[in-house]
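Dropping a structure here in structure tokens format, bear with me for questions.
Every chain is named by a letter (A, B, C, D and E) in the order it is written, and numbering of its residues begins at 1.
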Amino acid sequence: MNFISTYLFNPFAEMAAYPAGVLETVIAGLGNGFLYALVAIGFVIIFKSSSVFNFAQGAMVFFAALNFAGMLKLGVPWYLAGLFSLAVMVAVAFAVERVVLRPLVGQDGLSLFMATIGVAFFIEGFGEAIWGGDPKLLKIGLPESAIFTFDYPWGQALGLDVIIQESDLLAIGVGLVMVLGLYIFFQYSRVGRALRAVADDHAASMSIGIPLNQMWIVVWALSGFTAFVAATVWGTKIQIEPTVINLALKALPVLILGGLTSIPGAVIGGCIIGVSELMFETYWGQPLFGGATTEWFAFVLAVVFLLFRPQGLFGERIIERV
Amino acid sequence: MATAAPSKATDAPREDEVQVQADLAEVLLAVEGVTLRFGGVTALTDVSFDIRRAEVRAIIGPNGAGKSSMLNVINGFYHPQEGQVTWKGVTRSQMRPHEAAATGIARTFQNIALFKGMSTIDNIMTGRILKMKAGFLEQMLYWGRAQREELEHRAEVEKIIDFLEIQSVRNTPVGKLPYGLQKRVELARALAAEPELLLLDEPMAGMNLEEKEDMCRFVLDVNQEFGTTVALIEHDMGVVMDISDRVVVLDYGKKLADGTPDEVRNDPAVIEAYLGVSAEAPQPELDGATPISDGGHRTPASVPDASRS
Amino acid sequence: MLYRETGVFHSTYAEDQAVFKLPLDRYAVWITVAIAIFVIPLVASNYVLSDLLTPFLIMSIAALGLNVLTGYCGQLSLGTGAFMALGGFMTYKLVTGFPTASALFGVTLPDISFFGFEPFDIWFVFMLIAAGLITAVVGLLFGLPSLKIKGLYLAITTLAAQFFLLWLFIKVPWFTNYSPAGIAPAPPQTLFGFDVTGAASPEANRYLFVLMLAILAAVAVKNLARCSYGRSWMAIRDMDIAAEIIGISPTFAKLSAFAFSSFLIGIAGALWAFVKINSVQTDAYTILLSFQVLFMVIIGGLGTVLGSFLGAAFVVLTPILLNISLTSLNPLFVAIGLGEISIAMIKHIEFMVFGALIIFFLIVEPHGFARLWQIAKQKMRTWPFPY
Amino acid sequence: AELAAEEQYFPLLSYRTGPYGANGAQLANGQIDYMKLINAKGGVNGVMLRWEECETGYKTDVGVECYERLKGNGPVAAVSPFSTGITYALLEKAVADENVLFTMGYGRTSAADGRVFPWVFNFPATYWSQATSIMSYIIDQEGGVENLQGKKIGLVLLDHPYGREPIPTLEALSKDMGFEFLQYPVPTSSMSDQKSLWLDIRRAKPDWIMMWGWGAMNPTAIKEASLIRYPMDRFIGNWWAAAEVDVRGSGVPAEGYIGATFHDVGDNAGVFAEIREMVHDAGNGTGPAEELGEVLYNRGVANSAFVVEAMYTAMAEFGNKVLTGEEMRWGFENLNLTEERIAEMGLTGILPPTQVSCENHEGSPAIKLQRWDGEQWEIFTDWIPAMTDVVRPLIEADAAQYASENGIEVRSCS
Amino acid sequence: MATQAKNEATASHGGGATPPLLSINNIEVVYDHVILALKGVSLEIPKGGITALLGANGAGKSTTLKAVSNILKSERGEVTKGGITLGGEAIHHLTPNDLVKRGVVQVMEGRHCFGHLTVEENLLTGAYTRKDGASAIQQDLEMVYGYFPRLKERRRSIAGYTSGGEQQMCAIGRALMAKPTVILLDEPSMGLAPQLVEEIFEIVATLNREEGVTLLLAEQNTNIALSYAKYGYILENGRVVLDGDAETLRKNEDVKEFYLGVSTSGRKSFRDIKSYKRRKRWL
């Protein structure tokens, strides 16, 4: 009884008592969710089109950010710095294709997965070797302050006291655009179709003349681009330092929740996880479990989902035939 | 045993043999009114037939007719929406595949399903896992029962290996074997389980004549030596007509015909739907593997399937 | 023909079933073990023993554990770190809760001793096994999703174990006997009357103790691998549908793999705490550790015992050796006018080289060191001819 | 080897990379620069100093490996891991190897009980003492303990041994002072994602916030705090959460942010002039010369200075030679730093007057508070002594438990 | 183009006459650096002809085809000796993509459809290398559907769930979409119903007649292969042991016995095979 009231009743009572708080949490959650999604999309792009689980995605975000921030630190104007960082990501795509994927063509997923971890190590070390390991700021004048509704007459009028971080709104906007573009590309373009074919059967797609190497360059460049975007948006919120890579881990539950192969899935997964983990932390974790539940909540939630839908919300059906 | 090939088959005239089996043998497995759907696709519609003990039962039909699906239903991998399967007197609409295996149904697969990472011998040994009783600790120490079992089962497996003549590839990883040999290893794995009912899904696909002949031998021997009941899917009419006792024909998931090879061979519906015109009168020279027509007179547009569904 | 099977005949299946079919292999292994036991402790420096070889062996045990799950049963897991932590914390709770057999059963094992050797001083081993078993049970629980969830999806769900368990150890002070900082000291332990853990114990003791366990683990895994358990694991790995159809219960195969692998991993975790870092703290079992163990298994070779050891050696030793050699090279760099390389830079280079090496070895042989070794043998067979 | 005999050896477990690198680097530079200075001035009574760095990345297992790698390379003066995690891992090893473990204001608090931890020294103040000092400031601001009734005091902590150290003390205080103690843990694996935490704070509106943060956590916290417009002058970081890198890294003005310290900021102490002249101008500086006088750099200097002072003390007893571990321990245990001595070394304001004893390895704990004015730090309080009466019992209790668990016989100091 | 191709096709009857379109001379293939799969194989494929590659399992048929289409690499195999030329140009260095652009397409053994794509998407990917516009592609799509009406019915269903035969059709149709001049067909008859086998071979023949497509097909089904092919090679463990016109091969006693199953005593039933130990080998 007591249990029920503490764990099941009180939290909701609190939400009801202070609805503005709920609103805040949801918006903040959406912000996080889209950030996760931006990274997750990077995973999806590569997985969808080469069934390689690119573990280096997080490192790529870090790397892109590092180049960007490093250049800024040297006093380069932001647009040049951005272009540079973008160019580097494309270069990475070429390098990865040439040095890693081409020799490993036709190997099983696990070896490739492993190889991408190797890549992750390399570019993390490489980036820090060049730009130094110290945390850096990535400020290019994107909105990053907070909006207090109470500062505005309408907020007062509504009696609505909510704080909204501009960076969250930014993340949401950018995320939506990216998804739309990529989804159309994969579903309807000729190259997109070929990419999905490659994922299904390397040998067969070679036999009908799909140039694997070019395909890989395309996808890695694409995911490099998403990494760059993620980095830029993330830069408005946090310093650029190696734990960014850990934050990228959060993209994984998002990924499987949405389904490894679905770009819209990545975003919806991101929203679900972003919001629910913040809600849980705020109304259960912090008051009842000593906090820091965001560490694991996303993953546990993903497991629960998967138990009901083993291929994620929007993932391709797992074909089981003999 | 491999060397002493029994010649019983040829002694008795074949027609009689069929009669004898058909009449006397008890029904080992009966499929009644099975209907199987996948979303929109209906793979099987109200199919009923039975398999009698110790017979060789062939299932034929055009591609996509639902043959493999039928086998999948029989050994519990697919669960039909309607109808049920009676196996050794027990009727059930559902069972888990490994239960089916435990009660004596073994099979091979159309697209080879060997354990690529393991050697031939280990693949075949997996067929006997159901028979191994040694406990975890025993196996961990490879001691007592564990060791004893390994050895005696190994002996059994070696028998099968000789029988199927795959000694030479005993320790090769199956992934590297050519297609035909893989098929044979798969048969070996199925046999290792000493099944009562052996389901073979296109065991001779992708084999040349010589190998087909051997395969036929193996199937017949298994059937005659151990009295194992065999149900096989095969597209090679020569083979089907020669070695099977009774044939059921599926077409688009419906049962088209059921009877002795000769009945089936002469059934116009079957000819129309499946065999192609020239099947019943093969020129001796071109016979052997697949009977073929003088070609060309049937334009692709008029493929019988096209009109259905 | 440096290395030959010809001339070696197996008249019984027993011989043919043997782990090392060729006398050559057999001798090689026996000699290696003999050297590891009798020579190395005498010649190796304390640093090498305690901080290169011991961690290497501990990690080998963990790698063996993960290999059972990932290599043999094909279930990818990224939760290794957490299960190692569980093993560590459980051992700590057990040895502090029941310091002696009498504390638990009231019976005291007779403490006779010949020249310092006490045959009945084996309580710590019991505690280790108990901790291992607890880990096995938890591992089994977290393995349950594997019945529905496959491949990468599963891998990511194991991350749930990783993060949730570590969070738990931090939040629940009980695990550390309410130590303020949430770090538990690892009380020194003895075996057969020798100090085998703790800072005071001789490096050689720790090394030999871990070596003994590593060998046991290797033998256990090898034996299981060649019996029906191993086969059903591999069958599930290679084609679970077919496996189920030929009569292997996926539930049983997967869960047994999860349990046994967690058992080994738990013990490895306990050793990591008690032998390597002299304290039990979540900080030493991060996600990074999970990945390192996964490297070991993959780089070493999935589904091979040898691979687990080679992989562990590679992952544990490479960074340290890189770091040491680069540092010691510094005078040279200064001499040739490059100037001294800062330790930060060395760390970065270490990262780069390590990553590059992983890729390099994967390209050379995607199936890991163990396969490399096989091919080498194959070459030796046909030597001097190429094929 | 011949030369090595003339040198006292400093194994430096430093970290210049990773999320804690920015902070670690300054500490290391300070330590090394001071040793360079001492050598430039002819060593400690002629005994030269030698040091080797090993990158730990603030990781416990790496730290242990580093310790083992370096410990044998010479007669060790003292080991300072600058990580509570590593400290815990080294507690027994230090004893076994007879090396002094000098954890200057961090590490295991209960090591202040010299009877159980003869080889560990954590003066000038433990975390628990520091927490109580900060509390006394708060009490002072609130105008008396009685006003704490019903007040909320939050602790934003790195969810790591270091961050959790002060919790027992604060819990104890909240009990007998009647304020509500709120904990806000920041997971190590995602230090720069504190959004939810600060929304909670915004909702709970604690009257005061203390921060036990380190590395990349600090800037994020300061930024988020300013985003939710938390009054900076009620936001107090401990002395690992109040350096220039922390505030500048946040990218917000953060005026009024308060931090603890035990030494002055700025480079007015004589020692810095010497370091500039004899080390940096000699082209031998370790880091950029600008960082002289910055908080963490100065703390690095302080660390080396303490060890060197311990050496002087020991040499007074054992003669001017390279010292053994046991002798170093004696030096630390009998360290008695007076204002005069400190001034003599040009360290005024950098080292607090300190007296260590056999049972008390913490000295006489006290802190000062510094405020960020948007440009730099400035100290705005005098010494605030810790509530030793509260802390000491806790320390002794905890030490006792440790002793019993690990079968250590408590030495008597009388 | 079609007409001209036809002439050539008729011109180069029985191979050899005009310089071969595709010639493989004495190649040696090694897998995994250790497994020697081909021990010196030489073939000559005349333009516009249908050439059959026969042989037991493991003889090396697929390997040969893969060597031509250059997808060996992905199986850790490599051509260690000898060379392959297409219309005089050495092609060992070309990527599969280049080859497809030059009109060489392989239909792999065992179907290899893209399981997650719909049948239609599968076909469309076949046209990936083509640059001649959507309308042309649409035309060929209709053509393929014309040949395989069954695929038209299943155009929207996920290829992974279609039956074996359907997948085989899908694979061949996919190859056709590339507008190939040379098709390397690996065991097209495998697992197909008799009348489908016929059909497929009819289609192959039609393609060869109408479009002048050159075909190299690896077959187990010697019988049908030889009745459609102009010329045949028989492979046995990595070597060519016999070759000649389809006619002569079919007359050859050994071939009759081991591959067609007709001996002097006429056709024998599968039941009547006495012993297994009949194998006669040329090598």
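By our rule, a residue touches a chain if its C-beta (ideal position, glycine included) is under 8 Å from a C-beta of that chain, and two chains touch if they have at least 3 such contacts.
Bear in mind the structure is a predicted one, so any value in this text is a computation, not a measurement.
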Requested in this report: Would you pick out the chains that touch subunit A and also touch subunit B?
Outcome: C, E
Report summary line: Looking at Cα centroids only, farthest away from subunit A lies chain B
Report task. Select, from B-E and A-E, the pair of chains that is joined by more C-beta pairs in contact. Result -> B-E
Query - Where subunit C and subunit E are represented by their mean Cα positions, the distance between them in whole Å - result: 50
Query - Whole-Å gap separating subunit A and subunit D, where each centre is the average of the chain's CA atoms - result: 37
Report task. Measure off the straight-line distance from the CA centroid of subunit A to the CA centroid of subunit C, and report it in whole Å. Result -> 33
Query - Residues of subunit E engaged with two or more neighbouring chains - result: 35, 161
Report task. Can you tell me which residues of subunit A touch two or more of the remaining chains? Result -> 128, 133, 246, 249, 290, 292, 295, 321-322
Requested in this report: For subunit B, write out the residues touching at least two other chains, lowest number first.
Outcome: 68, 77, 109-111, 113
Query raised in the report: Touching subunit A in the complex: which residues of subunit C?
Result: 76, 145, 148-153, 156-157, 159-160, 162-164, 166-167, 170-171, 241-242, 245, 287, 291, 294-295, 298-299, 302, 344-345, 347-359, 362-363, 366-367
Query raised in the report: Which residues of subunit E touch subunit C in their complex?
Result: 30, 32-36
Query raised in the report: How about subunit A: which of its residues touch subunit E in the complex?
Result: 105-106, 190, 193-194, 196-197, 199-211, 213-214, 261, 316-317, 319, 321
Query raised in the report: Which of the residues in subunit C end up touching subunit B in this complex?
Result: 13-14, 16-17, 220, 223-224, 226-229, 231-232, 234-235, 237-239, 241-250, 256, 260, 303
Query - subunit B residues within the subunit C interface of the complex - result: 75, 77, 96-98, 100-102, 106-107, 109, 113-118, 122, 125-127, 129-130, 132, 134, 136, 139-142, 146-147, 149-151, 154-155, 158, 189-190, 193
